[in-house]
Each structure stands twice: as C-alpha cells, then as structure tokens.
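What follows is a set of structures to go through.
What follows is a pair of complexes built around chain A, which joins chain B in one and chain C in the other.
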Partner chain A sequence: MIRYICRRVLLIIPVLLGAVIIVFTINYFSTANPAMIKLGLSASDPAKLAAMEAQMGLDQPYFVQLGRYLLGLLRGDLGQSYVYDKTVAELIASRIPNTLRMSIGAILLSIIAGIPLGLLAALRQNTAVDYATTTFAVLMNAMPGFLVAVLLMIIFAVHLKWFPVSGVDSWKSFVLPVIASGIGPITQNARMTRSSVLEVIRQDYVRTARSKGIEENKVIARHILKNALIPIITLIGSSLGTCLAGAILVEMIFNIPGMGMLINSSIMSQDYITVQSCVLVCAAVVTIMNLLTDLAYAAVDPQIRAQYAAGAKKRKPHPGAAVP
Partner chain B sequence: MNLLEIKDLTIRFDTEAGSVHAVNGVSLSIEQGETLGLVGETGAGKTTTALGILRLIPDPGKIVGGSILYKGEDILAKSEKEVLDIRGNEISMIFQDPMTALNPVMTVGAQVLEVIEQHERCTPEEARRKTVSILGKVGIREERVDDYPHQFSGGMKQRVVIAIALACNPKLLLADEPTTALDVTIQAQVMHMINELKKEFSTSMLLITHDLGIVAASCDKVAIMYAGAIVECGTLEDIFDHGAHPYTLGLFGSLPRLDVKVDRLTPIDGLMPDPMDLPQGCAFHPRCPRATDVCRAENPGAAELSPGHQVRCHLASTHPGP
Partner chain C sequence: MDNTAKNNKGAVPAKLKKRSNMGEIWHRLCTNPVAVVCMAYLTLLILAIVFADFIAPYDYKAANLKARFQTPSLAHIMGTDDFGRDLFSRLLFGGRTSLLVAVIAVAIGIGAGMVVGAACGYFGMLVDNLLMRLMDIIMAIPGMLLAICVSVSLGPGVVNTALAIALGTIPMIARQLRSSTLLIRNQEYIEASRQFGAGSARIILTHVIPNTLAPIIVQASLYIGGSIMAIAGLSFLGLGVKPPTPEWGNILNNGLDYIYEASTRWHVILFPALIIVVTMLAFNLLGDNLRDAMDPRMRK
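Then we have the complex of A and B:
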C-alpha cells in the first residue's frame, strides 16, 4: 500500500512535466512578444527592445528557454510577471488561498448537501420527494454557473442584504460564491447518489442485511451507503476541476481576488508567464486531488485495496465479471 | 403445537402492468426439529413464501391475506420492531446465491458479528469469540475471519452465509435453494453440514429446492408448490411413494431413472402459467393430461387422502393415485 502511494506520487511528475511543456509551447508560439509587453510604450525603440529580449532570454532557441523555465520550476521560481513588479510565485501565493477556500467549500457543500439529497430521493423513489429533488437537480444543472451566481447575488446580497455583494471582508463574503460554484457539484452528487443507491438497494446483500434483523438506518449506513459511495467518490474527485474552471466566472462576478481573477487579468494584459504558471498550479492541484480520489477508493473498497497492494501486474478481474 | 403455521397466505405484487399473484392461499406447518421440503419450479412462489415469513417481501409486493403463526403468535400482526427481534435471531434465512449474498466491502467476520451484536447481549470480546466459533463450525479457519468475500470461493461464501444464519441459534431456518449455485461436489458437503448443524441446534427447517434428491435425503415432510399454491403435501413417503397430484407425478416422471433405460426424459408439457393471468379453475389444468371440465371450471379444495397427506386435485380425491 505504501509502495502504491509512493508510485502514484512519483507518477505526478511526468503528468506535470507534460502539462508544463504543452502550456510553455503554446505560449512560445503565440504572436505576443513578452519583451514588448514588458517595455510597454518604450518598446518602439528597437535597441531597447533587443536588449530586453536578450535580458529575458527570448533570443535563445526553444529548448534552451524551456530548459531554463524547467530549471526555474525546480527551484520554485515560476518566473517574473511581465506586468506587475512581482514574481509569479508571489502573485499566486496571494491569490490561491481565496480560490482554494471557495473550491474546497464548494466540494464540502456538494458532499453534505448532495449525498443526503440523493439518498433521500432514492429511499423515497417515485414519491414527491424524489420528483422534487430530480426537478431541482435537472434545473440547477441546466443553468449556467454565472446565471446562478448573478441570481444569488441579486436575491441574497442586493435585496435581502444577508451577504456582501462583492469583495472578501469576512467569511460571509464566501457564502454566495461557495454556493454558486457548489450548485453544479451538488446536483451531480445528488443524481449520482440517487442512481447508485437505487442500484445497491436491490442487491442481494442488502436483503441479507435486512434478514439479520438490524435496524433500517444501520442497513443504510453500513450496507447501502458504503457500497454506493464508489461512483460518488469519482464524481467528487472530478468536481474540483469543475470548480477551478468555474472559479474564473464566479470570482469575477463576486470580485474575489483569486486564481480565476488572476488568470483572467493576466490574459487581458498579455502577461503570459503568469497564465502559464497559473495553469501549471491548477494542474498540480487537480493531479493531487486525483491521487486523493484513488486513495479514497482504496479506503472504501477492499478489492481495490487488494489490487493496490498486489501491484498493477497481478490485477485480478473484477469478481462481478465471473459467472457465478 | 407447531413451531410455524402458515394459513392461507396470499402475496400479491401490484405493478402498473397488473397484479402478479405470486402466492395464493398457501398453508403449511413445521414442527420443532422438523424439515419441510418446499418443492416447485422456478417462479412457483417458493422464495416469496419464505420472504413473507420474515416480512421481507420486496416492493411492490404485499401480503394481502392469511396469517403466519410463529410459536402461536401472528408475525403479520407484530410491530416492525418486534419483527426485527425475530429476524436473524428466531428465524433466519440462507440465501440462494452466495456470490451476491455477502456485502463486498465488509469482512466476513464483521458480517457474522453484526447479527450476534444485534441480538445477543455480550461484550465485544464475547461477540468476536462467538463469531470465530460459528465460522469454525462451518469450516472457516480463524485466520480468514478478517478476509473479504472476494477472497473466498463460492462454496466458502455459502458457508459464511450459513454461519450468519446460524449465528444466533435460530429456531427456524429458511434455506432457499442453499446448494443450487454450487458445484455438485460442494453441494453434498454443504447439505451435510446444514443437516449436522440443524441436528446440533435442534433447528427446524424450511428447505426450498427443486432437487428431489436433496428432498429425499434431508426432509421429513414435503410440500409441492405450483403457481403460488401448495398442490400436495405430506410426509416424504406420502409424496415419493403415494403421490396423487398429476403435477407431483409429472415431476417424478421427468426424473431420469437408473433402473429403466430411457432415451428421452418425459417433461411436463407446457409452461407455468403467467402469475399475472392465472387460468380459471385448477391452475395446472392447461398442462394436466387428465384435465376434465370440472378442472377447467373450479379450483379444487384440499382433500385429505390419509392423515397429513393433502392434495388439491379434483381427480385425486375421487380416484386416488394410479
């Protein structure tokens, strides 16, 4: 098991390397000249421009530039912003806590709201509760995130004045953004929980559990939920990516200085080195989340745990595939 | 007094497509220490009857009539909480398919422990010791107690299922085709084990099967079920040697015989009727070689041929047995 974790952590390196190379290459071939952006108006002087290009290493071949960037990354140097007088690392360090707070809050919300909602719908299948949950889920899932964000803002911030309209002053500032970015994952979790629980509830082992005379809430917690959790974990793992992508819109609407805003303003001001490093950081966060997802599988499903312990070579077929 | 006495049990599944008449007026009784074999084709309502005893009929099924007297008290009249105390404790069930009957994310020990903790007042250490002991009785060594079901073979899983059923020394065991999903070699072992444990705990058993060989080897009494009704019941001897219902005779007729050379088996012609649309009169008449006009018009009542040997057939009561 420890060996499996080590292997998975090592596997993060090639994934991130791939991401770096792709993003770097796209930037390299973009038409914008970083030296020009950095110099601003004084870029009209060819001598100054050439000097700046040489200083930034832009006159070097592609591989040398890539190599320099990678070496910088190893030292934790994400480069120097073209626009601000700050390193990219500083910019990201000041922005990422807000985004993580928002995204993790959204994921937690999607777990504590989505799973019980889906469970309730499944246990009361084909009743008013079920139909109401399904309608809510479909409606919310069909609405674009920015529309939900704007509606929340109008209702709860502008009219009811429960929460601030924008900015980050206190925890209250995060309530609406968390709901806005969590609404998608909530509905997806609810839908997935419902279908997963409905599948598990018909399994023979649930009937066995009932035949033991244990109370229904124990049957649900020990036998139904634990088995239904596996597909839900996949979804929760992937919802971090969704939240990070959605952060660009939600942060702009609520004026929260986070990664999304940083990426947006960097694109607008052609600060490509910052964009490049932001993408890299997001890739790293998502990769780590994927690792955690895989470990959560192992915690829930002993068969997966056994596979991990045995290593990838001796992977046994799923017993469901065997004809009984 | 009979340990279990089912009277006129009727179970119906109301679906959008119509009502499925799964169990239609089943009556049977089991005495202390006795094994009753419930025999019939797939879909005859055997499993539904057993689940009805535990009040575990899946939706949209409902028990619409009859009574199930256990130790003289009607299970159908009890509260949900009282039924919980009976399930797994007084009456427990062995399920047909061991591959799917165990929870894949719980160790087998935990699944046995769960039922002991539910019904017996004991410390965790005692519960654990009991778990190890009952698993030992079904032939599972202590070092495998903390293994998961996927690490066991089908036969071993069925042993675990049996251990769960026997963990609290039930008075009545409902064994639903306990060996159908197993290899023939394992079948004999498992049946032998069930019979031994049954003797040890002096448990009564309702053995559901369609294997007449198992019935002959393990049962005291036999009930033949067809289309949700018991068509004939009696002692092993009554049914095997003096079977009177044409369906019973058909079942025996379709068995291969060692003493007579036959090229083809003689199956019962036709199929079981659709439980959503049972035929008028005797449910068996469309397949019965001797059906008369009375059979087509009227459902026969139970007639007693000899003490304890009952048959539901218009013909059997007038001309008993061939």
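Then we have the complex of A and C:
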C-alpha cells in the first residue's frame, strides 16, 4: 500500500511539469505581444517596444523562456502581471479562497443531494420518483451552466429577494453560486448512483442478505450502498475540475471576486500571463484531487488493495481505467 | 454509419457480424420513441440550417433600429433583437455556425484521438506509455480552462474555436479506442493480415480503426452536445465566435444583457435558450439511447 501511495505521489510530478509545458507552449504561440500589452499606448514607439521585449526576455529563444518560467515556478514565482502592478501569485492568492469555498460547497452539495436522489430513484425504479429524478437530471445536463446561474439569480435573488444578487458579504451570498455550480455534479452523481445501485441490487449477495432476514435499511446501507458507491468516488473527484471551470461563469454572474473573475478580467485586459497561471493552478488543484481520489479508491476497493499487497509485480492499472 | 459499414469490408470475418449488429442497433433505435423524436428533430434542424438561405424570412444582418425588441408577431415569428434584426433568421444562421464549430471540433477530436488511441493499443510498450502520459497531462487541465487558454492564444474564429474545444476531447477518445484496440489486437484476422505482409500502418487503417470505430461514432452524438455547450460557454466569456457573426451562444449572451427588462423583452432570452437546450437535449438523449442500443447487456 505504501508503495502504491509513493508511486502515485511521484507520478504527479511529470503530470504537473507536462501541464506547465503545454500551457506555456499554447501561450507562447499566442498572437498577442505581451510587451505591447504592458506598454499600452506607448507601444507605438519601436525603440520602447524593443527595450520592453528585451526586459521581459521575449527576445530569447523558446527553451530559454520556458526554462526561466519553470525556474520561477520552483521559487513560487508565477510571473508579473502585465496589467496590474502585482505578481500573479499575489493576485491568485487573494482570489483563490472564494473559489475554493464555492467549489467545495458545490461538491458537498452534490454528495448530500445527488447520492440520495440516485439511491431513491434506483430503489423505486420505474415509479414517479424515478422518472422525475431522471428527467431532472437529463434536463439539467442539457442546460448551459451560465443559463442555470442566471435563472437562479433572477428567480431567487431579484424577484423573491431571498438571497443577495452579488458580492460575498455573508454566507447567504454563497448559497446561489454553490447551487449553480453544483447542479452539474448533482445530476451526474444522481445518474451514476442510480445505475450503480441498479447493478448492485441484482447481485446474489444482496438476495442472500435479504433472505437471511436482515432489515431492509441495513441491506441498503451495508450491502448495496457500500458496494455501489465505489465508482462514485472517482466521479466526485473529477467534479472538482468541472466546478473550477464552471466557477468562471458563475463568479462572473454573481460578481464573486474569485479565480474565475480574475481569469475573466484578465482575458478582457489581455493579461494572458495571469490567465496562464490561473489555468495552471487549477490543473494543480485537480491533479492533487485526482491523487486523493485514487488513494481513496484504493483504500475502499479491496481488489486494488489486494493487487498491491501481493507483490507489486502486476502491471499498474491505468489511472482512471475503472471509469467507464 | 454508412461509412463504417463500408470500411468493414476489409475485415471479412467481422463483416457479417458487424453488419447484422448495426442492423440490430438501427432496429432497436427505430422502435424507441425517444430516439425517433430526437432523430426527427435533429434532421429537421439540420435541414433548416442547411437551407437557411431559403427559409429565413429576413436578412440576418439587416438592422432596423425602428423595430427594436419587437415581441413575436406574424411578421417576426420570434421577434426582433436589440438592433431590430429578425431573431428567427439569426437563430437559423447562428445554428449554422454553432453546429459547424461543434462538428469540426468533434471531427478533429475523433480523428486525432483515433490515431493516438490506435497507435497506443497497437504498438503498446514505449509508444503507449509516452502517448498515454501525454493524454493524462491534457486530462489534468479542466476541459473548459484548456479551451479558454487555446481560444485566448489563437484568437476568435470558427476553426480556432473548434480546435480549442477539440483538444480536450482527444484524450477521452484516445483512451476508449486504446482499450478497444487492445481487445482486437490479437484477433486472427490481424494475425492473418500480418502473415500476408501488411505493414503496421495498413493494419491500423484497414483493420484496427474500422473495427473499433462504431462505438466512437455513436458517442459522437454526445460529444457534439458537449461541444455546443462549450461553444456557448466561450461565447459568454467573449471568446469563441464573436458577433456580428451569429452563433447561438452569442445570441443568447446578447439577450441576457436585457434580463432586467425580461417582462417586455423575454423573447431575446427565451428563444435562443430554448433552441440551445432542446438541441443539447436531442443530442444527449440520442447519444444515451444509441449507447443503450449498442450495449449487449440490454439485448433481449
């Protein structure tokens, strides 16, 4: 088991390095010239522009620029914003708590709402409850996230005035954004739980448990849920990425100063180094979350545990290979 | 799907089985009311979009500032927008852009994913390791954020937006194709082909890809739905296809600017939203039903 954990932790390093290289390269081939953006109006003077390019190291070859960026990252230096008089790290540090609060809230909501919903639909298969849940999930899956967010805001904030329209003044301000970014994961969890429970419910051991006279509640908790939830763990882990990406739209609509707003305002002001760094920070958060998910999966699933307990000779299954 | 059946001619032993399999799937789809409704809607939509030049009652670019925000009437069945342009015509032409971008994105994603996945599954070892690690890296970056990054770098436009969205789908398709390639790699017909002296490229192109393509093509429906959503999301951020080129996402986004006056200007939000949601729904439901129809466990 320790071997497995070490291996997974070490595997993070090449993934993160690769993500940095990919994002850096995408940005390197950008059509915009950072020196021009930084100078603003005075960029029309070619001498000034050339001086700025030299100062920012833009005249260096690709590998030198990449090397510098990587060295900077090792020191925790994400670069200097083109637009604000701040480092990108400072900008992100001031914004990330709001985004994480929102995303974690959304994931918790997706667990406490999605799983019971899916379980209920599966236990009452082909009844009104099942149809209502399935329809809700399919419908929500077809709605663009920003549309859901705008509708929630209009109904509950503007018309009913239950929650504030924007800002981060109290816990109340987070209710609608959390629901808006959680709606995707909720429906995914519900659908996945439903199909997973339906599969488990037909297994022999469930019939055995029932025929032994165990109470239905205990059968559900111990025999059905415990086995059905294993595939859900992966889904919950991967929903953090969805939430972080969805946060961009949701934060914009509810005017929450988080990473998403930062990305959006940086796109507007062409502060592309900030966009690049935000994407990298999100990728890092997602990678770490995936690691935790894999570890949780290994801890819960006896099959994987056994594979590593009995001499690690067997080839490691592809990470995420269990996801259909 | 016709294409798949044609390609299968190369693999003689698989041909009969696959054909009947496809026929079986088609039969199951046609007896499923949800799938039939989705297919009918999508056919209608695609026809309307292709023949938009003949159907659209007005020029989608023609502004008429005297007729701004007209609610639906006989003259403008979906009303007019903030420039007095006919909303129905704009949605027809916008659908052209949206679907075009989505189809290009899915085509790029499937094409690249197929090559990567087949190469991984077929060659194994070093190639597999290197390419799959690369795919893992791309998957570590949330799809929407990757699309934003690429879109920012490449600038607006139909092909650029399609590329931005496609990049995130490559790993998913590659993975799926890799696992199905692993399953057929040791089949006799591949062995036979190799005995006859066929090279790797030939085997991959004529045997591996055609025999693993069916599930991917079927899932293309789900990917198209996802792409339409992603395009709309990019438009909302001011990326992707920019106005004045109409595109469902930017038409809806434009309408959402007037949400506080929704009581009199509801149509500029309702119709674009409705067409996006219904189209997404049709692609998703069709994809789900196709997947169910292909699932051998669901066979009676």
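Note that the second predicted complex is superposed on the first by the 308 of 324 C-alpha atoms of A that agree within 3 Å, B and C clash if a C-alpha of one lies under 4 Å from a C-alpha of the other, contacts with A are read in each partner's own complex, and residues count from 1 in each chain.
Criterion: a residue touches a chain if its C-beta (ideal position, glycine included) is under 8 Å from a C-beta of that chain, and two chains touch if they have at least 3 such contacts.
The structure presented is a predicted model; accordingly, all values stated were derived computationally and were not measured.
Following the overlay on chain A, a side-by-side fit with no clash is recorded for the pair chain B and chain C. The partner that reaches more residues of chain A, of the two candidates chain B and chain C, is C.
In the superposition on chain A, A:150 makes contact with chain C only, not with chain B. Of the two partner chains, chain B is the only one that A:226 touches; chain C does not reach it.
Contact with chain C, but none with chain B, is seen for A:268 once the two complexes are overlaid on the shared chain. Contacts of A:205 after superposition on the shared chain: chain B is touched, whereas chain C is not.
Contacts of A:290 after superposition: chain C is touched, whereas chain B is not reached. Put simply, if you stand at the Cα centre of chain A and look at the Cα centres of chain B and chain C, the angle between them is 80 degrees to the nearest 10. Shared-chain residue A:301: touches chain B; no touch with chain C.
When both complexes are overlaid on chain A, the residue A:138 reaches chain C alone and has no touch with chain B. By the touch criterion stated above, A:282 is placed in contact with chain C alone, chain B being left untouched. The gap separating chain B from chain C in the superposed three-chain model is 13 Å, by closest C-alpha atoms. Taken together, the two structures place residues 319 of chain A in contact with chain B in one case and with chain C in the other. Within the complex, the chain C residues that touch chain A are 132-134, 136-146, 148-150, 152-155, 175, 179, 225, 229, 232-233, 236-239, 249, 252, 256, 259-260, 262, 273, 276-278, 280-281, 284-285, 288. Residues 14-16, 18-19, 22-23, 26-27, 29-31, 138-139, 141-147, 150, 154, 158, 241-242, 244-246, 248-249, 252, 263-264, 267-268, 272, 275-276, 278-279, 282-283, 286-287, 290, 318-321 of chain A are the ones touching chain C in the complex. The touching residues of chain A, counted against chain B in their complex, run 202-205, 207-215, 222-223, 226-227, 300-303, 306, 319, 322, 324. Touching chain A in their complex are the following residues of chain B: 54, 56, 58, 83-89, 92-93, 95, 97, 99-107, 111, 114-115, 118-119, 148, 150-151, 154, 161, 164, 181.
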